[in-house]
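Across the two complexes that follow, subunit A remains constant while its partner is subunit B and subsequently subunit C.
Entry: the complex of A and B
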């Protein structure tokens, strides 16, 4: 009995952890090209989820709604880049920190006014019935989260390695100035990274909403954990966020079982402090020596 | 024809009639946010009753007929908003009464301002015990001598008793008590534990689990309840989190009944839980089933006037409706719109008031700080077990349908009689 409970808590925690990993991956995408992060990423998750819900309510099928939602997320990502990041980067200032937070707040107010403050169910054709598997109950919804998260991350990694545009992306990530000298437009690449990051946020919203419901505050708890995952794993390891995300998710649900639900967040925060103290570049991060 | 005039007058009432010869009644509650299904239903139920009264020419006050004028305030379920609104209402010199408030915290924050000025309020439908017991005698300090706050809702004491009773009737011996960390949830847990003791300790509480507002993942709490062998989950919380509990139970294959406070009938519980909500049991004072001609007229009237196919919270709507008729009867008996005279009339209503839930026969008596039930209208008899079935709340037991039908058709026993037993 006990072993199956540990298994149950670890598995359902790890599957939720994949959502943290996906959002953390969105942070990595923009950090790689521009060394900036959208602090309003949680609001992108939420607004895209609401938009996808609206598409569904208008009668579009699930398989049309998913790309529609992703496209919308990508557009929002571009808006954030244009309005909050580009000017700050051009002026080599850290203004993007405040600007992305402000844009996030704006999205939040807009969502409250357009869709209201209530939590709503998010319909999905994927069944929520549990499947019994090696003594553990897993719902198809949770499996869909795993498939979706690993699928889109795999696709983006393939894109970065196999296509010309992707290679430009990698080049800008490695050395922005050198890439510009080679004729790659760094501005375009940063736009691309924000667009991808927005699409990733939208997918996270679409995948998680059937489990958590859609509401203006749906992402506020998730986003902090995603940020912890990104920092603990390091801001440049896609493989790292998946591992750390699953680990953090499992740790959370195990501690809420053994220590009580009030202590749910504590081990994750301790992990974050430890990581910052011991390995500031992240467990999977590379220490970069910058030559001056 | 009658309906049309009714809606016409509803609109008139909403626009607000000319001041002067009107009875001013304030309707308050949360009309946005997580508690909105209860707040808007109570408000709209009240508006329906006010529309009917105004369509018939108004209330007979002394020699003339006066229409009701509505003052509407949204407290957003926030304690501080509630306090501000109460201060504003307390400052109105010509206010006859207040009907409303969903959240116990809002009652605690605001009602003192109304009570200070002696403004008559009927709390509807906040159920938390504390909103009335705050006026009663306590071990360390005596209660207020004169109280202008009344309640028109099945308070948590009644509800907790019914929840425990239902679990015992179903021959359960082990239960898990699950509650949210707000005032409402914690006092609900205390009421339930208290009732388990009172009803002979027939239930063993194998797990006590808490969750927070906004929590979506209840796996840990539910697994603990499951591994402790709970045969039922007794729960106190609010719509969205209750739905997360139901969905979590389906996920870990915990197939036991969920029994809890009337909030389990909120539309945001029913919709978010979907088919996982089927079979959930909760105390109700009104079920959206046309068991009497009056109930049918009320349900149809509500659906048409507010263009819905399902009342978001039928209990709140029906209570809002009946509360207006009781207030109107008090105004008529007092022959005055003066809030203090209305209060005295409320404490001694001579004529039975026909409502959609019951025919109210002297629902309140003179305030006694040693006995809050003097200002509580509901008794166990007006409450039944409701059950969620395919997106609606239906009767949990068929016998209850008949009982409620009878109580709605005949007058409730007078207060003095009810108190003796």
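Entry: the complex of A and C
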């Protein structure tokens, strides 16, 4: 096998892996503020992609459709928070696990009924022509994924570090009760985190759809890998999910090339099992040490 | 400025506070002393909203605030520097201070400029913090974290400040520094309710004190009165 094919496979896979990273980042956002995650996040990705497709079919331009889709995703995130998470958290129960799964199933059925079961192409003005870059061919679509993922993650990180609201977000994640004593409403901060997480899921859907097509089951494989990335990287490092996401993407692309496409899902699952056995807090995760 | 009337609160079925009543007048420094488990910290938490009282009233500047969310009570002008300091460990010293003023700052941009005067005041009060503005708060020593917790509460320009066990777990030299700070806050006219295990030191600085026993106020008075009270001498000053 020659090196350029390996390089080509690794780069395409790594770029796809950024989508897993973005969805995993969405898990981190809500975990930070509320120690909860939306187990129906894949359905948010899918429903937002369908909604964006509808906007496109209605004649809206791509650059109008993207913010529209993100806004829709944010709204879905808020719905999940209100219907599935808030009450459970107030009662300090783990009910959000089941509730977010159920809300996801509901979104899934709704999507099947509204948009049908078929996979559909997702039009985009970004061409699929390859550009030659450092010895490998990269399509503009793949580059758009990289720009979109790193762009939104960069923006959210800037927001968290440079604005007072973002710092409040970090404060709630560090110590919810102390944050409340500063006049920061933890409930609103959790809402904000679910809104952001929903927008991030929508962007993942919009970026990946031109490559995978849109259908009710489009996110079911992706979401499993996003979970793997989140668990392997840990739930607090944005940098970690990017790195692990790209690594996993490259690994699965190489294994499907060398071992056959049936082995595509294997590396993610092996990585997941290894991580849980060896380092349950994640490679980039912090073990929580509390001084009393 | 702060009135607590017949307050009942607790955890689950067990009531810790059974009718606590106290008053902190504007510009005064008042101590709440008592044995471990008497309900001092529970009183503080019930005032600031971390714990919802089951009965009774808490009035802040005449307004009833019992039952409101802690964040709402903070916005109304109560700053609580909690037991165990509870600084935001991963955030920088300066970010901790800025968040102290969260209620009255713009949420996105220009918040630092607006808080600069208050930052300078806190750094003036605690020069050690000024050398560490960008250091993560969790890496500070216990004494420095306490200074930060007090500074963070001051940033809010509160009507009333609650200070819970500021000397807990600190070396004696640092405890003296904490008490000097408390005296300075008093001179600046800040209305302060202090919970303190070192009853003797507390009585040297406060205007008035309440002694708590089993969830209610057992004795109250000026430090002079309390230091003549045989029961208080036997239990706390002996």
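Basically, the second predicted complex is superposed on the first by the 288 of 292 C-alpha atoms of A that agree within 3 Å, B and C clash if a C-alpha of one lies under 4 Å from a C-alpha of the other, contacts with A are read in each partner's own complex, and residues count from 1 in each chain.
The rule we apply is simple: a residue touches a chain if its C-beta (ideal position, glycine included) is under 8 Å from a C-beta of that chain, and two chains touch if they have at least 3 such contacts.
Because the structure is predicted, anything quoted here is derived from the model rather than measured.
Taking subunit A as the reference, the larger set of touched residues comes from B, when subunit B and subunit C are compared. Touch criterion met: A:211 reaches subunit B, while subunit C stays clear of it.
By the touch criterion stated above, A:120 is placed in contact with subunit B alone, subunit C being left untouched. By the touch criterion defined above, A:221 reaches subunit B but does not reach subunit C.
In the superposition on chain A, contact is made by A:163 with subunit C only, not with subunit B. In the superposed model, A:16 lies in contact with subunit B only, and not with subunit C.
Listing the residues of subunit A that touch subunit C in their complex gives 163-165, 167-168, 170-171, 174-175, 177-187. Those residues of subunit C lying in contact with subunit A across their complex are 48-50, 69-72, 74-75, 79-80, 82, 86-91, 95, 98-100, 102-103, 105-109, 111, 152, 156. In the complex of the two chains, the subunit A residues touching subunit B come out as 1, 5, 8-9, 12-13, 16, 116-121, 128-130, 132, 137, 139, 211-213, 215, 217, 221, 253, 256-257, 261-262, 264.
Residue ranges of subunit B in contact with subunit A, taken from their complex: 32-34, 36, 209-212, 214-217, 219-221, 223-224, 227, 240, 243-244, 247, 250-253, 268, 271-272, 274, 276.
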